[in-house]
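Both of the next two complexes hold subunit A, though its partner changes from subunit B to subunit C.
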Partner chain A sequence: MATGGCDERQRVATPLTGFSAPFVFGRFEVPADNPLTEEAVELGRRLFYDPRLSAAGTTSCSTCHIQRLAFTDGRTTSVGVSGRPLAFNSMTLANLMWGPQRFFWNGRAASLEEQALIPIQHADEMAQDLGRLVAELAADASYRELFETAYGETSPAAIARALASFLRTLVSSNSRYDQFLRGEIALDAQEESGRKLFMAHPDVKVSLRGANCIDCHSQFLTGGFSARYDGFANNGLDDEEHLQPGLQVVTGNPAHRGLFKVPSLRNVALTAPYMHDGRFRTLEEVLDHYDRGVRNSSTLSPLIVEADNRGGPAGGRISLHLTAGEKAAIIAFLHTLTDQDFVTAGRFSDPFASK
Partner chain B sequence: MRKAALRMPVLLAVAAALGVTGWWLYRGARPMDLALYVHPFVGPEPLVLNESRYPNPGGEGRFTVRDFQFFLSNIRLVSATGAYVESDSYHLVRFDGEEPAAVIVLHDVPRRDYERIEFGIGVDAAANRSLASRGDLDPNGRMAWTWEVGYKFVLLEGALLRGDVSEPLVYHVGFDESYRLISTDLRGESLDSRPARLDFRVDILRLFQGSTTVDMAALPTVKFDRADAALLARNFAGLVTPMWPDASGQPDGARRADK
Partner chain C sequence: MTQSTKLGLFSLYAVVLLILAACSDKQEGASVAAPPPAAQRNVEESQAMVLLRGLPTLGTVHSVAIVELDPDAANFGAILQEVELPDLTLPLHHLYYSPTGRLYSTGLDPSCSLAEVGLSRNAEGAAVINGVNCLDTGGQQVGEDIMWHTVDGKEYMFVTFMGGTGVDQADCGSVGVFDPQSNAVIKIIQARKSAAAEGAPYILYPHGISAYQDRLVVSSTVHPDLATGVGNAITVIDLNTLEPIQNIVVEDAKPVGFPSSPVEVLFVRPSIAPGAAPAVLVNTMFGFEVWKIPYNEADKSFGAPVKAYDGATAGTGVPLEFYGNATELFISHALPGIVKRYQLSSLPELVPSGEDIKAEAGAHHMIFFTAASGRNVIAIQNNLLNLGKAEDGDPTDVDFMAKVNDHSITVHDLQSGERLARLGFKERYNKGVENLEALFGSGFVHHH
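== the complex of A and B ==
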């Protein structure tokens, strides 16, 4: 790869300083071969917003991942360059370093770096040829300089690493729930009631009412669990006959049929429609599904079948038996997960937008 | 010349002897890795996930296991000359059907004549109340309840099948008071094999067979009721037992005392 510019010195990327995340989010890992640097993140941000990543020059990552919608697109399923609706709903990009470290709804990418190049080349998404993209970017002096400093080359691997670096910085940690966890504010009575329901698996024996959200959505991150495939679940959307392959595509394990990635619920009030296929338009519909719309199948978790605030009989209909007030409280709590800083922060925004 | 010719083999022999001794001394002084293998069983049978082959220990029907995992923590090896204490010793022992056994590797274990190995089933009270991610403890993981309640110590999920009826089984056993320390005698057990390993059996049936035998139909779930949790937690002492011959750990001792 030819080096550009007249600077003979080896350019050295600047380690990203001041990057932090809440203690309660727990450990996170940045790959040793792709450390977070200022240049990598800046490069990734430009690439994320650059329509040159698509063959027609019309579609960027940000077409389907819009900041003000917490990096979702408001559509049932996304639409890329081909105009054909895709199979899946656009997923939020908040807090990707925590939770399942497999990406896409069915977990088909094993890292953010691997994930990053897939939509670029997908015929319906961006339909871009990587060789052509590298040539285009290398012809742009400002890109060439950033690539050179960040990775020493303009290449598909560098594009993947840069996009992954930017994605890793998309941390949402200043919602009202975060402020509550930091002890800065109190939630109001309805939100607090919703929080408790969210965090409880129901147990009639001790008069504990719950909505068992926490059985899949972790208490602080409100996303899927990170270990192994713990962050993938069959949430009862379809019966046995209509169960989609889901994670089984990746693992080949029949026990993984119909399991999809558990998304972060950060900013969930902004990320409608919901589920991997965007079938629910509102949070009310989502709550109604979990309350009394769950369909049984062979891979449905016993935790969902068994969760019943009335302690239903064996073999009976699956239902949480929540009250209307309880559902409203849970939705009120879900609204505390909205992080205005995240959806307006300049550092996550379009660098090409006219100021 | 003849003297020199004689000297040579002697020198070589001495050098070889020194080499062998030195290697033994070096090897003896070098700490080892010790692997603990935990083999899952349901009674006499190895655990196979998602198969309805195991009889309900206290009643009718057969049960399947979909998920089984537990915390094994605070591992210590005790000898007359000192103890090896693993730091941040919180291991989530889990069986996902991919490997026949779960393996915990203890690193840099000094070579000594250990008298016993100790570990806990569950999470000690201090760690159970903490939000720190130590070892496999993860407040955002599947074994976390909430920060008010702490961790599930043992998780067993599956279904009980009676005729055509399938009923979910959910056993989440936690609470500080459920934590149990197990001590197993190591005398006579050579840890000098290469690689060094100890094999244990974890038997799901033991959870349900204590002073009373649990009918899963009568008790299909254990979650937040402390008396129910205590009923299963009492059996933690016999949950994990040594697989080597003539082992006489505390669990076996405890069982003898019951008789």
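== the complex of A and C ==
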């Protein structure tokens, strides 16, 4: 299921130049067998937007990952070639190099390379046969040349690597909050109030009000935690009876039932609806959930249980007890995470449309 | 410099030589152990930002660099990236990360007393130093320490300038108040002793800085020329008015005949030592002592200073820095080159938590990290001021200080203090090491 040789790549592939990421995002590692190269990224970008990746030739990765929506699709749950709603809400694709090495809401892929081929083959998503796809791409002269240059072959592995390379370059780093971190702007009073609430775990003993966001979203600028399963949590969407499997699908561990990936909050104002099943339409609904809608269960994050601006729960209802003004401030802060450059950048856009 | 001052310094130098003679267990290189798989390691944790000082007789220039300090790494001591600063006559001095992750450096050169260091990451994820942007300080010179602190909901960046608005002033010194976002000068707090009324508070050669609630304390150390004058007090600044309100003298025996020269200060407070009674700890560079000044936050009054540690009787000199981790407070003593350690939970009392860590002459700044082997280590920069030696024809020699200086970083097991490796910057790079800071994740946990 591969075409072409393998000794061309090292001779001609060009190390990616002009790439720069913010220092404060932290260290990232690119797999040694898939370094970022100009050719790999360009190939991955074309594949990402090419509907030939689906059996019917109608659906590309970009169908469910639309750039102007920060690479989500605005649907409760995505819909692929079968027309049947998928199980999950489309995840935003930004700053994936810094995330956990488990991808998808339930962590079922261990690398970007692994995840890249799953939707292509999924019967409801793209329903493509990899052998047929390789043959089809190899028959295209322009693809053949790109594959040869980037990987020395046209193969499923090369497709996965190219898509992963493009996804790694989807770096979002020019939101108003980024500009704030760089010292280029100041946040307004409401945004600053929201920032402080976002960052604080409530502590009535020292009169510290907080929204407890940072406890789970500590890596909110990037893709989440970098440890294996640390970036997964049960955020109280369902009670014990209705807990969905979540991470337990991967680990088999009952303690992981109901745990889903804590997503990046970058561009969150553009990525509605929210949660793994898209149950909340607005950020206001999300804040209301954390404020007074959390449902208890055996795997609910203890950080949520104990977070109460009145000092509870002490056997009472789990609630943050935020004021309306505080919730508005948090939402104002979340809007500072919107990066218009990211959602309009030509280098991330559809290469076929641009032609 | 007066003759008596010089005699005092030479006396100290004699003491230094005696002490150093018993401390020669240098160990170059690193013991190599099999590292765990790369995927389990944070390969960046052991990398440090260092400020390097060009040595005139060796033809090198000042620079900022990233260096590998993992004693288990095959490339231990390698400079991974270096940006030279040929336009600076004097080097950058101290590195600090802001709360939002921006990297700043104070500087000794009048043209660059405060700077922001640009950092980014390349396609391999490695840190890249993009350059050094010297900031407008409003004429303030010889930047020393930086602290970010919030007062009444507003955050400020405070910087001590030992040279104040001009090192030509015999009583120079100022505290710069900056907007932490724009780096713009908000105010220059200056109260020259020569202009202050009798008994009125003054700011003189400020170096150390620390704050709690609405009180900021800075030390009064030494004139930047190391000759014109030496301080013996700390200054309390009211952060509501940004004005000095009190001086507190911390001085006793004068073991080398100089004023005590308070250098670093640490406002012990609940955020760094839960449950601790607030107090200011002060290291006196020439007094060899550590002082404790109790603070009553109810009436905002400072109590009488109490000597918490006496180096003259304990055989140590020139205490410099405060650092901490989750359980311990560390104080470096340039003579004979050791780091003493104390229980964090006992602060502000200095209750030893273990044996001294034996570094080298000039033991000064430090960082903490976990090596690839999984061993927790402490890396200590050993130099006082990176000055050269007269016998080498080096014009920067100033009395004893040129000798309190090993030009090295030593790496030690944090638990046992065992020395694991030594990186000699002068031998390997013809440079001195002015400062070090963890590349990602501040090593200044309790620095201020």
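Note that in this section the second predicted complex is superposed on the first by the 337 of 355 C-alpha atoms of A that agree within 3 Å, B and C clash if a C-alpha of one lies under 4 Å from a C-alpha of the other, contacts with A are read in each partner's own complex, and residues count from 1 in each chain.
Rule of thumb we're sticking to: a residue touches a chain if its C-beta (ideal position, glycine included) is under 8 Å from a C-beta of that chain, and two chains touch if they have at least 3 such contacts.
All of these numbers come straight from a predicted model, not from anything done at the bench.
K.L.:
Following the superposition defined at the top, how do subunit B and subunit C come out on subunit A, clash or fit?
P.N.:
clash
K.L.:
Contacts for A:Ala123 in the overlay, against subunit B (first) and subunit C (second): which applies, first, second, both or neither?
P.N.:
A:Ala123: touches no partner chain.
K.L.:
For A:Val12, is the partner it touches subunit B (first), subunit C (second), both, or none of the two (neither)?
P.N.:
It touches nothing on subunit B or subunit C.
K.L.:
Please work out whether A:Ala141 is in contact with subunit B alone, subunit C alone, both, or neither, and reply first, second, both or neither.
P.N.:
neither
K.L.:
With the two complexes superposed on chain A, say which partner A:Leu36 touches: subunit B (first), subunit C (second), both, or neither.
P.N.:
second
K.L.:
When the two structures are laid over each other on chain A, which of subunit B and subunit C touches more residues of subunit A?
P.N.:
Looking at subunit A, the partner in contact with more of its residues is B.
K.L.:
According to the stated criteria, A:Ala110 is in contact with first (subunit B), second (subunit C), both, or neither; which is it?
P.N.:
Neither partner.
K.L.:
I'd like to know which partner A:Phe25 touches here: subunit B for first, subunit C for second, both or neither.
P.N.:
Touch partners of A:Phe25: subunit B and subunit C.
K.L.:
Residues of subunit A that sit at the subunit B interface in one complex and at the subunit C interface in the other, please.
P.N.:
On subunit A, the overlap between the subunit B and subunit C contacts is residues 23-27.
K.L.:
Going by the contact rule set out above, which residues of subunit C touch subunit A in the complex?
P.N.:
On the subunit C side, the touching residues are 38-39, 42-44, 100-103, 116, 119-125, 127-128, 180-183, 440.
K.L.:
Can you check the complex and tell me which residues of subunit A touch subunit B?
P.N.:
23-27, 98-99, 199-201, 203, 205-206, 208, 214, 218-221, 223, 225-230, 255, 301-303, 305-306, 314-315
K.L.:
Would you tell me which residues of subunit A are touching subunit C in their complex?
P.N.:
Of all residues in subunit A, those touching subunit C are 15-17, 19-30, 35-36, 97, 180-186.
K.L.:
Looking at the complex, which residues from subunit B come into contact with subunit A?
P.N.:
49-50, 66, 92, 94, 96-97, 131, 133, 138-142, 144-147, 157-159, 165-170, 172, 220-221, 223-225, 228
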